[in-house]
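The chains carry the letters A, B, C and D, assigned in the order they are written, with residues numbered from 1 in each.
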Amino acid sequence: MNLDPLLLFLQTLLLLLLAPLVSGVIKNWKAKLQNRRGPRPWQVYFDIAKFLRKDMVISEHASWVFCFAPYVVFLTSLLTGLMVPMVSLPAPLSLFGGVLAVVGLLALGRFFLALSGLDPASAFGGMGSSREMTISAIAEPALMLAIFTVAITAGSTDLSQIAQSTQSATLKLLNPAHVLAFAAFFIVLLAETGRIPVDNPATHLELTMIHEAMLLEYSGRYLALMEWGASIKQLVLMTLLLNVFFPVGLAGPQASAAALGVSLIAYLAKLLALSAVVVVVETTNAKLRLFRVPDLLSTAFVLATLALLSSFLFH
Amino acid sequence: MLLLTSILVVPVLAGLLCLVVRPPRVMAALGVLAFSTTLGLGIVLVRQVLVRGVVTEWREFLSADALSAWMVLLISVVSLATSLYAGRYFRRDVAAGAITAGRVREFHVLTPLFGAGMFLVVLANNLGVMWAAVEGTALSSVLLVALYNRRNSLEAAWKYIILGSLGLALALMGTVFVYAAACKNNPQSLPSFNWSYLMSVAGKLDPHLLKLAFVFVFIGYGTKAGLAPMHTWLPDAHSEAPSPTSAMLSGVSLKIALYALLRFHILTTACLDDGFSRSFLLGFGLFSMFLATPFILIQRNLKRMLAYSSLEHIGLICVGFALNSPVTIFGALLHMGYHALTKPVLFFAAGNIHQTFHSLEFRVIGPGVVKVLPVTVLLMGLAALAAIGLPPFGLFLSEMTIISGGLEAQQTAVSVLIVVALLASFCGILQQLTRILLGERKPGDHTGDARRMDGVPAMAMLLGGLLFFSVWLPAPLLELLHQAAGIIGGKP
Amino acid sequence: MAALMLVVQLLMIAQRMLLTNIRLFAIQSFFLAAIAAVVAYHHNASHVYVVAVLTLIGKVIFLPWLLTRLVNRIQIHEEIEPLFSPPTSMLICGGLTLLGYVVARPFTSLERLGNNTLAIALTLLLTGFFLMINRRKALTQVLALLTVENGVMLAAVALTTYGMPLVVELGIFFDVLVAVMVLGILVYRIRENFASMDTSKLNQLKG
Amino acid sequence: MNAFSSTLLTFSLWAYVAGMVGALLFQRAEKLANGMGFGFAAAGGVFGVFSCGAALVNGTASAGQSIDLFPSLIPFVRFSLHADALGCFFGLIVSLVGVALSIYSLGYARGYFGRKNVGVLGALFNLLLLATTLVFLADNVFFFLMAWEIMALTAYCLVSFEHEFEETRNAGVLYFVMSHIGTACIILGFLLLFQTSGSYGFDSFHALGDKMPSGRRNAVFLLFLFGFGTKAGMVPLHIWLPAAHPVAPSNVSAMMSGVLIKTGIYGLTRVFFDFMGTPPSWWGVTVLTIGTISAVLGVLFALMEHDLKRLLAYHSIENIGIILMGLGAAMMFLHSGHPVLASLALIAGLYHTINHAVFKALLFLGAGAVLHATHTRNMEEMGGLAKRMRWTALFFLVGAVAISALPPLNGFVSEWLTYQSLLQGFGTTTSLIRLMFPLSGAMLALTGALAAACFVKAFGITFLAQPRSDHARHAHEAPFTMLLGQGILTAACVFLGLFPTVFLKLFDPLTQQLIGQQLSQQLTAVNGLVLSGVVAQGGTVSTLGITLMLLCLLPVPLVLWVLFARTSRTRIAPTWDCGLRELTPQMEYTATGFSKPLRMIFKALFRPRREVQREYDFSPYFATTLRFESHVEELFQTHIYRPLKWLVLRTSRRLRALQAGSIQAYLIYMFVTLLALLLFAL
């Protein structure tokens, strides 16, 4: 079995360190775009460290599920990160699971997140879980369909395989099927990472928050794990989008150190570009009402279906 | 020894004795004795028939082939169960003042005569005598139907006798025509009116006349056998008669009329040798099955529902005969037997329920009978499951046999129709019985004197027999049935 | 002579009074007996004489006497209100007669005493049947039933060379007697229970 | 089947018989009857597991000839068994679940002591196990139908075991009627086959479909789809299922949802893959479509339930749908001539069958334990049970994760296989039909996500947060036997989840028999650690690997504790209550509230109706009493079944006029018939 421990270690590290930075950067740029000074990009590191040091307050109603959830959320998102190719092909753990496993693991994390929201008997948590599960449920088919479109062309569910096949024919990037799928996946990404127009990561206004509502009762290191896990999940999804749908500059198997460096730079560039897009979208759009969100996601679904149809036509 | 004669004489003697003996227990015992004797004789008869093919007495005045032997068995079993059940039943009625001792005597006198009449029907070789015997059964049973001198029972009896004897008059007309055909055949002498003789000359009979005859006979005996649309007396009589009588009417009397019809059917088929009579049986059989189901679905009265289910079973049996493949005929005969073992149990149970709740209306009986009469409900439930054709009971087997035989004979449509009709009645009976048998009693209902063990011996006997014969048909019985099927199918 | 039976039958349908009906029935049965006698004389078949005599005793003397007695016993002389008005029923009977002839046509060959007795027998049967439908009183229904029987017997005498075998004749005869007695008993009980003989009151059993 | 297996098989059958008889004999002595009944049932189950398991492992399943159970004494019926691979596989399911259920029932039935006749319960339970096993092994149409009907009958008796409640009685009747309608179709289907083969033995039906005229073939297909589909509870024939499963005693509900509806799947597999030969394409399409619809609608209706057992019942419909997707895909592949993919899809379907049997039984047992403790099925009255019933909560959570198809448990594995086959299916044909594969894949994804949502609700509302009623507040942990029963199934879930590559070997004889392929080699990579798609580079997954990696990554947070959180302490404090005095159960999120967003989104489907009655003194905003009621309508009930029933009954009432009691009318019927026949005769 081709498990490269070094690669594994490096990618884990990358994930852990890069994730907070990305969300920091996005926060920062957003502030800039809104003519605020905003927190420094690396502020998120300090937040996490602070959370880790702080004492914990646990609700008297909460059961062991409440204490179990943060680990699941954190570890699942970390593990999915290892199944997605970041700087080199194949991803360290591509053998252990492809896109289906990634989606499944993220769902597992979400499952426990939602449970932990319900556990402390607070109405906010319940509301958060309910909305989270609802939105993810209607986001799921669009996500799957988008991935199917690329997976079918690659004839595999293995992310690295898909990336390779996409790489092998670069003009496929202009294939309408591909573009449509890309768009669909981007919308899903916004929903899954709790971004405007679906959710507002910055708010604690009870009627609008989704993700934050579930975390209300968390404090101290559990909160740290949750936040960190969330940012890792966001990074993973972005990476998925970048390296699977747009694998430009991605280093192939057994690449030299230099090649790896190049691909790392390319990856970071793409990442920043994507973050920029996200920032623009977030600032130029207002948050949708909850019952408008399905319309957005069904748009994504339709896009994915179109992608499928066109790929059917172009075969 | 005069086997057939003694089968006829024993019940008659028992009936006449009941005129003189006083205590009701003795009368009941006499009935049981008589019919257990005939049952024994019937078994002997079966063995002789298997050996000799046809048993005859008094210069072929009486004769028994496989078919009649089979019917003899059915009559004896059902009558035996009835007289087993009747004793306690009427004791309780007398105690409750529902009926006078004199009427009870009437029952004990008439029931054996009723039985004897049916024996004569199946044993008589002469078609005219057969007609007379059928009329005799009708007359004896009508008095039994009217036994409770209530308004409803009188009404039922009146409809029964009017429709019945009118039908029988038509049947007589038909019989006369058949005889006329025989005479036309040899204008000199007075020909014998024996079925066996007619069969031997069947080929030479005037087909037109026979067709005409069969129309009349069909309407006539069809009325007595309760084929729709001549069935209208059936639910009334079966529901208003005392439960033992209902059991006999539903259990055998219908089948006896059907037997008489079959004799002519065989004759006609042998003469015309086309599907003329068969098409009658098929059409009216299916019609009966389908007419019965809606009445079951929305029935409000327990015994009427049972009566309609009998109607449906008779229809099924007719269809079985009409499909006329050895398999279906065999299945139909089998169905006769299993039905004869099943239906009386249901009527006995209905009798117990009637005596406990003083009504047969579903809404009066209400849910939760099981809490009051557990044993009765258990036996009734089993019998009901058998009646709606669930394994391991034999009716499932016979129904499957008929249906598959029909498909084998490429009669797919008919088989499908049968399945549909059975399905509908299944739903009806299941729903109705679940409604009353299961559940909790409503508070403050008068379940006065519940006697848990009433009539259990009779019911247990029949159910035991049913289960036994459902898993094991002894070789002689199978042989008998195959011979009977051969007789009906026209291939000896 | 058979035609006369038919005439009587039609008279019965037109007639409304109960006792008169009984007498008419007696007359009809007398004609039947006569026909039987003629047949017997014609083929000098002894046992058909028996039939004639039995009919004479039973249907001409005994049954009418029994029914009359019953009528007097339960005190009903009131009018019979039929289902159809007399003209209509007459028309219907005409139709039935026609049908009888149509049905009987193929069999004229086997008629012993000519002038299509079979047709008349059939017509008697059908009109008797109609009479039964048409009348509501229990007793008239009994009468109608008996006329049907007459039709059958006529056929029996007319169609077959020497009538039916004696056993059968006897059996039938006694069955008819018993039937009438049973019917009488029932009529009596009904009268007791319903204080009426109107069978249209017998409609409690539905569904 | 070698001697060992067949001996064990007979043992297990006799054990069931013994349990039945014993329980009936000693019904007066409840404890003894209980022990006898369920003890023997458990023994029989164990024998069954070993027998079928062994037969599948050493691949001797298909080899054996059919053996006569006992000589037949009535015409047409042969009581012959043939434990082929398919039969053994399903036999394995019923025995495995049977063991757990019997052990559980030992404790559960105590709840009936003094109230109901436990002896009868035990006897019926054994009879049910017996009949179900025979259904899977029968080798003759009549015998199969007998076992089938007895099974249905026993299930009816068990459903209406607590017949004191009218709801139960009606549910029982509904179940039995629907089941019987299905049976009628099955009978006709078999007889049509018989019309062609001229024999009642299953062996004579093998690949018969190819010899049939296409019209009759399609008729047979539809009849069987309808008949077995009714038993399996596929949409739209499912209405009996959510009615009947909840009202039965929980161990029976588990049996029905876990095993009984699988008899329908067995029938479909047997008929479509053994009897019907190569199917035309529209069969597969139909089955796949029905499967997809059942899956989505099933889970959507489940989401709207707050009766715990009804919710689980609806999930059975969903999972049947997923299984049917597998079967349908397999049929499409058979049509397009891809045996390997066909066997992959078939394996996916059957793997999901056993998975669903295990986790659904587990969940129903959990629900039973909850019912046992709180005496209510209404989730709105539960809550906080995770603290009071620790083990039950844990087991239920495992079941919930499994049924939501989340890695690393078994639900995920079978759905992964389904996804794989659907994905590869796209390439098998060039017609527009191939679009169905990814689309139904997307629907499967939707189903999975909704299921997850539904079980967050089920587990969260039932076991987490504050108790919502005194029942819940005073709940207690279930007795040991009940926990043991759940434990066994939990273990099975974990095993089937983590070691699919081991279990897949059991499918080899099965696919060999039905399609002539053996896939376990292709499906496993890296010496059994990894489950891989059948085509090269088709994608791999390893639930075991995932689990191990999760454990390997666990140090990361732990290290962080050591680095940062050495000094931090943990306090237990009340939940933040927005400054109110305290947080009462009324303020918690309810099950109804939880599913509100989805109810709104799928308005068109649910047609939700709400009634709010408010009584107030001076202002509607300060209501003294408030009554809120919200329904969703089951559109098949309201649009198909009720009108149908109404029509039938009305027609019957109309016909009732025929028997109006007037003798004149009756005479006229006769007269008219006579005239008609006279005219007809001439």
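The rule is short, and it goes like this: a contact is a pair of C-beta atoms (placed from the backbone, for glycine too) under 8 Å apart; a residue touches a chain by one contact, two chains touch by 3 or more.
For clarity, every value in this text was computed on a predicted model and none was experimentally measured.
Chemist: Measuring from CA centroids, which chain ends up nearest the centre of the complete protein set?
Modeler: Looking at where each chain's C-alpha mean falls, the closest to the middle is D.
Chemist: Give the chain pair, either C-D or A-D, that is connected by more C-beta contacts.
Modeler: Between the chain pairs A-D and C-D, A-D carries more contacts.
Chemist: With chain centres taken as the means of their Cα atoms, state the distance from subunit A to subunit D in Å.
Modeler: 35
Chemist: Please work out the Cα centroid separation of subunit C and subunit D, and write it as a whole number of Å.
Modeler: 70
Chemist: Approximately how many whole Å separate the CA-defined centres of subunit B and subunit D?
Modeler: So the centre of subunit B lies 45 Å away from the centre of subunit D.
Chemist: Averaged over CA atoms, how far is the centre of subunit A from the centre of subunit C? Could you give it in whole Å?
Modeler: 100
Chemist: Check each residue of subunit B and list the ones that touch at least two other chains.
Modeler: Residue numbers touching two or more other chains: 158-159, 162, 166, 170, 212, 235, 295, 298.
Chemist: What are the residue numbers in subunit D that touch two or more other chains?
Modeler: As it turns out, subunit D has residues touching two or more other chains at 656, 659, 663, 667, 670, 674, 678.
Chemist: Per the touch rule above, enumerate the chain pairs that touch, sorted by label.
Modeler: A-D, B-C, B-D, C-D
Chemist: Which positions of subunit D touch subunit B when the two form their complex?
Modeler: Those in contact with subunit B are residues 73-77, 142, 145-146, 149-150, 153, 160, 163-164, 166, 169, 172-173, 176-177, 180-181, 184, 187-188, 191-192, 194-195, 648-649, 651-653, 655-656, 658-659, 663, 665-667, 669-670, 673-674, 677-678, 680-681.
Chemist: What residues of subunit B sit close enough to touch subunit C in their complex?
Modeler: The contact residues of subunit B facing subunit C are 126, 128-129, 131-132, 135-136, 139, 142-143, 146, 149-152, 154-159, 161-162, 165-166, 169-170, 172-173, 176-177, 179-180, 183-184, 187-188, 190, 192-193, 206, 208-209, 212, 235-236, 239-240, 295, 298-301, 304.
Chemist: Which subunit D residues qualify as touching subunit A in the complex?
Modeler: Going by the criterion above, the answer is residues 383-384, 386-387, 393, 397, 401, 404-407, 412, 416, 419-420, 423-424, 426-427, 430, 432, 434-435, 438-439, 441-446, 448-450, 452-453, 455-457, 459-461, 463-466, 526, 529-530, 533, 535, 537-542, 545-546, 549-550, 553-554, 556-557, 560-561, 563-565, 567-577, 583, 585, 587-589, 593-598, 600-601.
Chemist: Write out the stretch or stretches of subunit C touching subunit B in their complex.
Modeler: 103, 106-107, 110, 125, 129, 132, 138, 141, 145, 148-149, 151-152, 155-156, 159-162, 164-165, 167-168, 171-172, 175, 178-179, 182-183, 185-186, 189-190, 193-194, 199, 202-205, 207
Chemist: How about subunit D: which of its residues touch subunit C in the complex?
Modeler: Per the touch definition, subunit D meets subunit C at residues 656, 659-664, 667-668, 670-671, 674-675, 678, 682.
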